Amino acid sequence: MKKIINDPSAVVDEMIKGMVFAYDGLVERLPETNVVHRKHSKNGKVGLVSGGGSGHEPAHAGFVGQGMLSAAVCGEVFTSPTPDQILEAIKASDEGNGVFMVIKNYSGDIMNFEMAKDLADMEDIPVDFVVVDDDIAVEDSTYTAGKRGIAGTVLVHKILGAAAEEGASLSEIKELADKLVPAIKSIGVALSPATNPEVGKPGFEIGDDEIEFGVGIHGEPGYRREKLQPSKDLAAELVKQLKKEFQWSGDEQYALLINGMGATPLMEQFVFTNDVRELLAAEGITLVFKKVGDYMTSIDMAGVSITLLKLEDEKWVDYLTAPVNTISW
Amino acid sequence: MLSVETVTKWMELFGEQLTENKTYLSELDTAIGDGDHGNNLARGAAALKEKLGANEYEALTDLLKDVGMVFVSKIGGASGPLYGSAFISMAKASKDNDSLELADLLAAGLDGIQKRGKAEAGEKTMVDEWVPVVEAVKNNSLTTETIEEAVEKTKDMKATKGRASYLGDRSIGHLDPGAMSSSLLFKTMLEAGVYDGK
Amino acid sequence: MKKIINDPSAVVDEMIKGMVFAYDGLVERLPETNVVHRKHSKNGKVGLVSGGGSGHEPAHAGFVGQGMLSAAVCGEVFTSPTPDQILEAIKASDEGNGVFMVIKNYSGDIMNFEMAKDLADMEDIPVDFVVVDDDIAVEDSTYTAGKRGIAGTVLVHKILGAAAEEGASLSEIKELADKLVPAIKSIGVALSPATNPEVGKPGFEIGDDEIEFGVGIHGEPGYRREKLQPSKDLAAELVKQLKKEFQWSGDEQYALLINGMGATPLMEQFVFTNDVRELLAAEGITLVFKKVGDYMTSIDMAGVSITLLKLEDEKWVDYLTAPVNTISW
Amino acid sequence: MLSVETVTKWMELFGEQLTENKTYLSELDTAIGDGDHGNNLARGAAALKEKLGANEYEALTDLLKDVGMVFVSKIGGASGPLYGSAFISMAKASKDNDSLELADLLAAGLDGIQKRGKAEAGEKTMVDEWVPVVEAVKNNSLTTETIEEAVEKTKDMKATKGRASYLGDRSIGHLDPGAMSSSLLFKTMLEAGVYDGK
């Protein structure tokens, strides 16, 4: 394992220290927690809390700030944060009108966030939540834990954050979230595994000439392994899967997020974006909003994912483009 | 015998086993999960040791509740809320109940896990370790073999809950990490003399 | 070579296509060139042009936009762009008051940009320039081509861009640049080499347990190879070199840029930042401005660099924090 | 003989050699530079081929100028402006000069390189190939050996100009890529019959 770290078990703590130092104008760490909280003054908006295992930087702390998340709870690497930490985030984010939680669909995340909600109930803080499950690489059946939450979650942060900033109530945000989440679908391809510093070796093995479609952001196996192929073929396979899910007719409007997994340079992300552009143009899809870069990574995994959000409401584009003050949006 | 002393001993031994098997448990989790199960539980074990070292317990309920709280707040992931719920549920069952049997206590623990995680037997989770053990304790027939056989059986199961469920058929042929860590729980239970049966 | 690309010789073209598609609200490509130009309307400001070989993304095109660069010229991978392309950038960036060029100190860059200036002279466009040489890993002697320009260049873009936006004249920008550049020093460490897609194999070899201090952004050899070591030791060596160069007394004010080389996750960058924080605090240095992330990369190299800018003028902090509208600042 | 025909042939052969030696030149540049010299020149060669194929030249000046412009606008890096300046400088020297000698032409090229790159002989650059060749043409003594020996000599030199200068002493023991590509230039010059000497 070749990493710029000190003690592998102290990575999350030191990372948070470095982050809140570098961006001390924007964020702060709640004392004795791994919660990163925005600094801007409270003004009665609904609080927006997210989080999950660390290793997905800039998610989630990089999206803390005015117009986006109120707080992010950083779990250990690839490990859902605990309810007590989530509770602290909820308490700090409550401005008197309740707190909304954005949870990614993993058994651990759901259980921990739900327990935190129970604790918040006891403190009379109204809490509601949505579970993001945008990863179409996984089947949503009674035989799985359901589709995973991946890069599309960042679009949920942005849109709900803008709505909260605009003054939406907890129930309005819940309603928006329930409409939004089913409209988001993502799928990715990995070229190399991630190495969790505490584990010290790669999460899976893959040949020098192989790629795997549908790998999860914790390195969970994907749906198919193939030989390395040109960017446009990778893009074609992923777009094909998205088309199958969306069943688009042609003249629909979408938002697009091309997301790097951590070790894939922007050079490759933009080459890939160009291929996605051609494929979607051929499908007659109009892309009203676009973004490319590292948003929801998997430590040092090489790979990319495509997220499409079907724009069923014009307001969503306004929310996507509304100004924010965060480290990484 | 079910007592503050034996359960304290149990928890000490369980913590030691978790620390010792940290790498092994994470390796099992690397195969069908995300490789952190051992690290998660080892973190819980370290916090547990500190907690037990700093407190003297009079009532079993308080001890079990503290164990549950430590697990909930230090382990994280899926296993944290599950082990935490098991012990908090056991703490509740033991409250104001002097004649509590171990079988009932463990049944309460299993109930806590299932309420939290919604898994049934056969879904390749820690539940598959708990169910036969609770049954055996009830029948007064628990042995090391019962415990080990239960883990072994998870090997042929296809996961339909937790992270391993994403693998579908490819989860078959691997031991479930959570079932393995629960087997350590029950082996140390025998070792600590919590169980009086057979 | 495991990369998400199509034809290796078409990487730059396809990358630019992907970029201007994704950020079509911000930038455009000048027809039949590899020049990325900002879209905002001309209003008589001094134009700011930079560029260099590709492979350093987001540099330089990611910094094109209001308040920063007017245009960036993208050379082939690791290859200085040609004078005709630079001339096009100059012509498109001239708003009637001349164009200032930010050149990194490489023989090729200097020769090509100087030739472009000669061509612009013939078209009566006033052009001036500064050569950035912040990399203290290289000795500045008659026996070398001098110190290289690396991540500190991005701070030059930001500060000069803000001054231009404020309405500074060409000669005022030249004066500012000449004062600014000597106040910037950078140094980095590499864990792994970059692979130029056209070459197809890594630029150098390095053991699984080795790191190299002072590697250049084209993979030029550094000043010392050592065994892999904790982040804080890497930070200590680099800070030691910076201290030697700046000869700081203690109560001085600096701006800090921690820069990832392309394949180093933010997680590690923030851990490293925390170590740099401790070391500089122990030196009594005040850091008035801080930034962490991938700014001047070397394709898929793993590593980080530290850039310090001695804040000799209060105005420089205002320039650093002035709002911009770019893809990546 | 110095003529539009022989120089056209020369440029065709040079282009072929550059394309053929693309990987080798880039490998030399990987050792002490950034690995792109072969790719840079191959790009120039491709553009040159297109240019020559699309045009009929009457005057040497026009031919040389076009070669220079192609090199300047297609190669990039350090070698683009250097080769470009060499040919533009040669074009200027040949302008309105019917009695031009090859030695003077090449001297003008070398002058263009040195004005642009400020390198002297002994700094481990293409200049170390040009200087002995220009000298030998003047003395009417140019042979393949002269050309090859000049490249060989760069091996023992320490680079003090260009990217290789960052290596200091570690640049010793490697051939200079630019000197190597210039050796191809001069070998194809012999082959094309541009040089009439011995």
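By written order: A, B, C and D. Residues from 1 in each chain.
One rule holds in what follows: contacts are C-beta pairs under 8 Å (C-beta built on N, C-alpha and C of every residue); 3 or more make two chains touch, one makes a residue touch a chain.
Source: prediction; values computed, not measured.
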Steps in the shortest chain-to-chain touch route ending at chain D and beginning at chain A: 2
Using CA atom averages as chain centres, what separation in Å is found between chain B and chain D? 75
Centroid of chain A to centroid of chain B, CA atoms only: how many Å? 31
Approximately how many whole Å separate the CA-defined centres of chain A and chain C? 29
Per the centroid of Cα atoms for each chain, what is the distance between chain B and chain C, given in Å? 54
Return the residues of chain D touching two or more other chains; collapse runs of consecutive numbers into ranges. none
Going by residue number, chain A touches two or more other chains at none
By the document's touch definition, which label belongs to this structure's chain graph: line, ring, star, complete, or other? line
Every pair of chains that touch: which are they? A-B, A-C, C-D
Of all residues in chain A, which touch chain B in the complex? 9, 53, 75-85, 106-108, 111-112, 115, 138, 142-145, 148, 196, 198-199, 203-204, 216, 218-221
Contacting residues of chain A [partner chain C, same complex]: 2-6, 11, 14-19, 21-24, 54-55, 57-58, 62, 191-192, 208-209, 228, 230-232, 234, 256, 258, 262-275, 277, 290-294, 297, 299-300, 302, 304, 328
Parts of chain D lying in touch with chain C, wherever the complex brings them together: 26, 30, 33-36, 39-40, 43, 72-82, 116-117, 158, 160-163, 165-168, 170
